[in-house]
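Consider the two complexes below, in which subunit A is the common component and subunit B and subunit C are the respective partners.
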Partner chain A sequence: MLRRVPLHVWLLTPALAFVAAMALFPLGYSLLLSFRSWKLAQQDTPGQWLGLDNYWNLLSDDTEFLDSVWATLVFVSADVAVTLLLALAAALLLQRETRMNSLARVLLILPFVMSPALIGVSFRFFLNPEFGVGHHLVGWIFPAMADKVWLADTTLAMVAVIAADVWHWAPYMTLVVLGGLASIPKETQEAARIDGASEWVVLRDVTLPQLKPVLGVVLILKTVFALKAFDTIFTLSNGGPGTSTQTLAYFVYQTAFNYYDMGYAAAAAYLLTAALVVCAFFYLRLLFRK
Partner chain B sequence: MQRRALMQWMAAAGVVPGAAYAQTTAALRPGKPFAGTTVNVLSVVAPQFSAHEARLPEFEALTGIKVKYQYVPFASMREKLTAELVAKTDQYDVLSVMDVWGPSLYNLFDPLNDRIAEKKIDMTARYPFAHLRAARDGNGNGKNILGFPLRGHVQLMFYRKDVFNRLGLKPPETWDQMVDAGRQIQSKTDMAGVAMYYGKTSGQNLMIWFNYLWGMGGELLDAKGQPAFNSPQGVAATQAYVDVLLKHKVAPAGSATFNETDAVNSVAQGKSAMVPVWWWRYAGLVDPKTSTLKSDQIGFAPLPSMPGREATTYTNTWFYGINRSSKQKNAAMEFLTWLSDPALERSVLLDRRLNEVVAMQTSNLIDGDVNLRFGGMHLFGAQALKGARGTPLFAQWPQVSDILEATISEIVAGQVTVKAGLDAAAAKARRALRA
Partner chain C sequence: MQASSTVAQSSIPGYRTPLQERVLQALRQALVLAGISSIVLPILWMMLTAFKLPRDVYSLDSALVFTPTLENLVTIFQHPWNLGSKALNSVLVASGTVLLAVPMATLAAYAFSRLEFRFKKALFLTVIASQFIPGAVVVLPYFLMFKELGMLDTRSALVLINLSIVLPYAVWMIKGFIDAVPIEMEESAMVDGAQRWRVLWEIVVPVALPGIITAAVFSFTLTWNEFLFALILGKQDALTLPLGLIGFRTERGDLWELMAAGGLLITAPMFLLSLLVHRQFIGSLTAGAVR
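Entry: the complex of A and B
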């Protein structure tokens, strides 16, 4: 019987078993948990079956969850838009082969390799009203901002967490866009210029259409990363002031590891996963479409 | 405080001059019955615990038991303990836990009543009630003792002694006096009056708020266990607490987002003249590596109170207990017997290489040598501990704490008024308590 199993199946088995143990089992288990009550502070094994109650309570009755959905929408949309625009602008500036541009491209990798938690702590110091260089610099440029305490203002705190995440990701995304720019045949741009097109028209009608698949990948990947963002927010604003920068990922962490409400946290995590799956669907479609 | 004045005060207070408490060897089992055993300890990072670890050769020589420490940073400790609770492993024999986490982790610990009775250790004589309560089950009222309190804090008011002397100011005894002193300091120096911490970090913005609340006769919960912090007293207390920054402006603007460390740094770097904070922060305030100040520039006093009311302090306690799944419980108890001995704590306190102020045991709090070394700080601690109150211990406290912490932060950010914020917080807390 076993002899009939083709060799390639045998060869794939360890990898499949590993994926099942490390990804599918936790996914399946947490899905089951999302339908149950499990307050770890009161019982150390999952409790009664609740059906869709956890999901219903989240969506109908939990203002903190709904606030965190709103904070997530603001954070993700601004973060993705700014990262994408900056990455595109920086890539266009750096696409010419000069010595300084080569150096700049090497330096671009540095923010990306830094730990997000460390970036959060650094930005916290940077914006400290007593010692922070960033705080004093902004106050010097815009005197009206000199007395503003960034992390005590709901809007500025959101700006700060977005800025920290953009600082982390924009350089890496610039490198991705640079790769995309390098793959565009130069003849198409030169032909447009010979036809009298301005640089703006070349960019709008020739470069960007050819760059669309790469920008699509950047857009989707950055959306996924922004939806999952946690470390920077945790160390920079701690979700505050109040709960104004508390995103969904932060809400899930709080519910699971601070309140020990595992079933409820699993349900919230699955709602976040649903958003991620939608992104993943578009990403895969973009990657594999003919 | 001058040395002579301190000596006179200690004599009047009945302080024991240099008392020695060498009970350890008597309480340990004779004949090294557990020699060769290894006890694994999961400990939070703290210089006090490193000092214990440095003294392990003494314990190993007495018992033949090997002890291995694994340290976990504070921020990860609760998650690590939860993982141990769920997995029920015997990887660690002895675990350290903070009081407020206790109710959700009771099942992780083996009750020690019989073992303590066998060792003839009088826990009530040894520890102030506020610390001992933290190591009991049943939200602090149960019959089981789950561990030995080994690290705990009271709050003190640290102030710039040199600045106060120069301006002819006295350490504030009431919160209003603190505001007045802050005003005078700000008008005559370029320093902020008092570094407060209203930012969000593990409930730190509630630690001084509790004293305002209790000082004005407010309570966190009522007799039925329901939120009472939005009572008229609670609203007035919270208003007075945030007004230090919002109305009187005697706190640095950054206080709106400061956590405890930021506030201490503000004093250590000469930006603020006072900070109400845990006593263990003294070491950092006078350490040349972390502070621009010298020890003679830093004074301390009991935490201010409301006019005509007793001073309060909020306490925090860590205890060490035995893992219920441990296979080395007897050896672990030998280790805890040694570790909790007053003589060990005293030797750490008097170790000139360290600047460790944390004392848990009544005998050390009133010890003459200890008080001489730290200028009477421990007598203040002993005095404060008499009326001290810890966090209400209940399983939903982390959630209620987060709700309150976010509310204080919202109020200070101007998102909501005190009354509206506390009412909304009470509604959320009721829901959390019901769940």
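Entry: the complex of A and C
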């Protein structure tokens, strides 16, 4: 009897059953929850069926939610753009084989393996107006900034949160781009140089077009991780001041675990998922087209 | 003659005089140095702070010159911080996750790499896509599920959750390494009459071992640093190190020197691990994007 079960079933069942139980089941459960009312503080089991009311309320008149959508857009677009440009510039700079560059390449892994919660805490420390080194350094370079309290200013708090996330991710993304650069055949660049193209033209017309798939992966992956970002925001700004750095992921956490409004939180979480599904689609297409 | 050749050279686009070249080189080095500093200095700053007395933490005059102390590293293990028990939780949760994830992922990766079966692509896509599920969406069902099971604030619950986070990555990474194992090695063993299981265990696993170790280190790192689920499921018994950090935010304000000492405790093992498998690590962490 057992002999007739094909090998791949034995091999796949543990992992796939687990992924189904721990990823797909909660995903479905959450969806059902998003159509119901459930204030955990008042009732132990999910309450009445609301249909699309949770979604409707979120999108029509919840300013806190709409603010968090805006905060997410600002956070994600700035975070992704800065990370991508920094990673590209750093990779181009580091691709030459020098001793300092190989040291730099080793160091690039360090921010990535650091706890994002710790990174948030550390940035909080650096930006402290009294004894934070970062605060004083910025104030020294731009005297106009010397009196600003970073985490009390809505714009600067957002800048701080983005900076912390960029610090965490840009080095790793640099490694990814470096990997992409290494896989480009050197001959194409040499040929262009022999034809008299300047370095800038080589970069624009030869290197970048070949690097496109890798940059696409960086773009999408970073967007996904920016949409999911929570730890750094929690430990750095706590979503504040006010709700200025409260992104969607943080809003869901607040709604569920501070206001105990489970159905409403699930609906908000699903709107976030919608954004991620779009990213996932493009990512998988990019990955499997080759 | 000389003059004309200089003219000819400098009219070639992209040609730079030695002086220009040297200036450019210096500029590049300066930029690399700036990049290195922006990575290293914050880390160094945190590490220095861990060895400072409070009075040195709260004064910029003693930023670099101060009398080092080990007091903070002792204090964090004492009541009420008890980072010792949190470190133990972190070690147990991360090792438990890795010990379960690696065999499961290796089996699945082998099937995806070597066998042909129906729905292979769809199943693989599902596994890969599950890493896109935001924690914010599944955290509610997890919370309710583990509440129902009476497993809130337990290490087992954290192991299960982290397992679901790292499995897709591990399957993907290990598959990449198995793909690179020459299939001839397996074929010749099979000709000799070896069973698939034995081929997997005696040939594929040893050859792909560096990759499997890399996937294990990666999974360990993700679990070690995991914050959101530990925050929501943990109360007092199953708190992990990253949560220990927010404990240093007290009514008296943030206790930076203790946070830094705790930060050192979280970070040092990860730095050692990642530098240990550095070459492999970078190769496989970036391969997915490049391949």
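Please note the rule applied: the second predicted complex is superposed on the first by the 279 of 290 C-alpha atoms of A that agree within 3 Å, B and C clash if a C-alpha of one lies under 4 Å from a C-alpha of the other, contacts with A are read in each partner's own complex, and residues count from 1 in each chain.
Note that in this section a residue touches a chain if its C-beta (ideal position, glycine included) is under 8 Å from a C-beta of that chain, and two chains touch if they have at least 3 such contacts.
Keep in mind the model is a prediction, meaning the values are calculated, not measured.
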For this session: Mind working out whether A:Phe257 is in touch with subunit B, subunit C, both or neither, as first, second, both or neither?
Result: both
For this session: Considering only touches as defined above, state whether A:Glu130 meets subunit B (first), subunit C (second), both or neither.
Result: both
Exercise. With the two structures laid over each other on chain A, which partner does A:Val106 touch: subunit B (first), subunit C (second), both, or neither?
Worked result: second
Seminar exercise, completed: Partner touching more residues of subunit A, subunit B vs subunit C, is chain C
Problem set entry | subunit B versus subunit C as contact partner of A:Ala41, first or second or both or neither | first
Problem set entry | Contacts of A:Asn54 with subunit B and subunit C, given as first, second, both or neither | neither
Exercise. Who does A:Asp231 touch here: subunit B (first), subunit C (second), both, or neither?
Worked result: second
Exercise. Is A:Thr273 touching the first partner subunit B, the second partner subunit C, both, or neither of them?
Worked result: second
Exercise. Which of the two partners, first being subunit B and second being subunit C, lies in contact with A:Gly239: first, second, both, or neither?
Worked result: first
For this session: Identify the overlap between the subunit B-contacting and the subunit C-contacting residues of subunit A.
Result: 130-131, 257
For this session: Enumerate the contact residues on subunit A facing subunit B in the complex.
Result: 39-42, 44, 63-64, 128-131, 147, 149-154, 237-244, 254, 257-261
Exercise. Which of the residues in subunit C end up touching subunit A in this complex?
Worked result: 12-14, 28-29, 31-33, 35-36, 38-40, 42-43, 45-46, 49, 57-60, 63, 103-105, 107-108, 110-112, 115, 117, 121, 123, 125-130, 132-145, 160-161, 163-164, 167-168, 171, 196, 221, 224-225, 227-228, 231-232, 241-243, 245-246, 254, 256, 259-260, 263, 266-267, 270-271, 273-275, 278, 281-283, 285-291
Seminar exercise, completed: Interface with subunit A, subunit B side, in the complex: residues 78-79, 82, 85-86, 88, 103-104, 107, 199-201, 252-254, 256-257, 262, 266, 269, 271, 395-396, 398-399, 402, 406-407, 409-410, 412-413, 415-416, 428, 432, 435
Exercise. In their shared complex, at which residues does subunit A touch subunit C?
Worked result: 6-8, 10-12, 14-16, 18-19, 22-27, 29-30, 33, 90, 93-94, 96, 100-101, 103-118, 121-122, 124-126, 130-131, 133, 136, 167, 171-172, 175-176, 178-180, 182-183, 193, 196-199, 201-202, 214, 217-218, 221, 224, 227-228, 230-231, 234-235, 248-249, 252-253, 256-257, 262, 265-266, 269-270, 272-273, 276-277, 279-280, 283-284, 287-288, 290
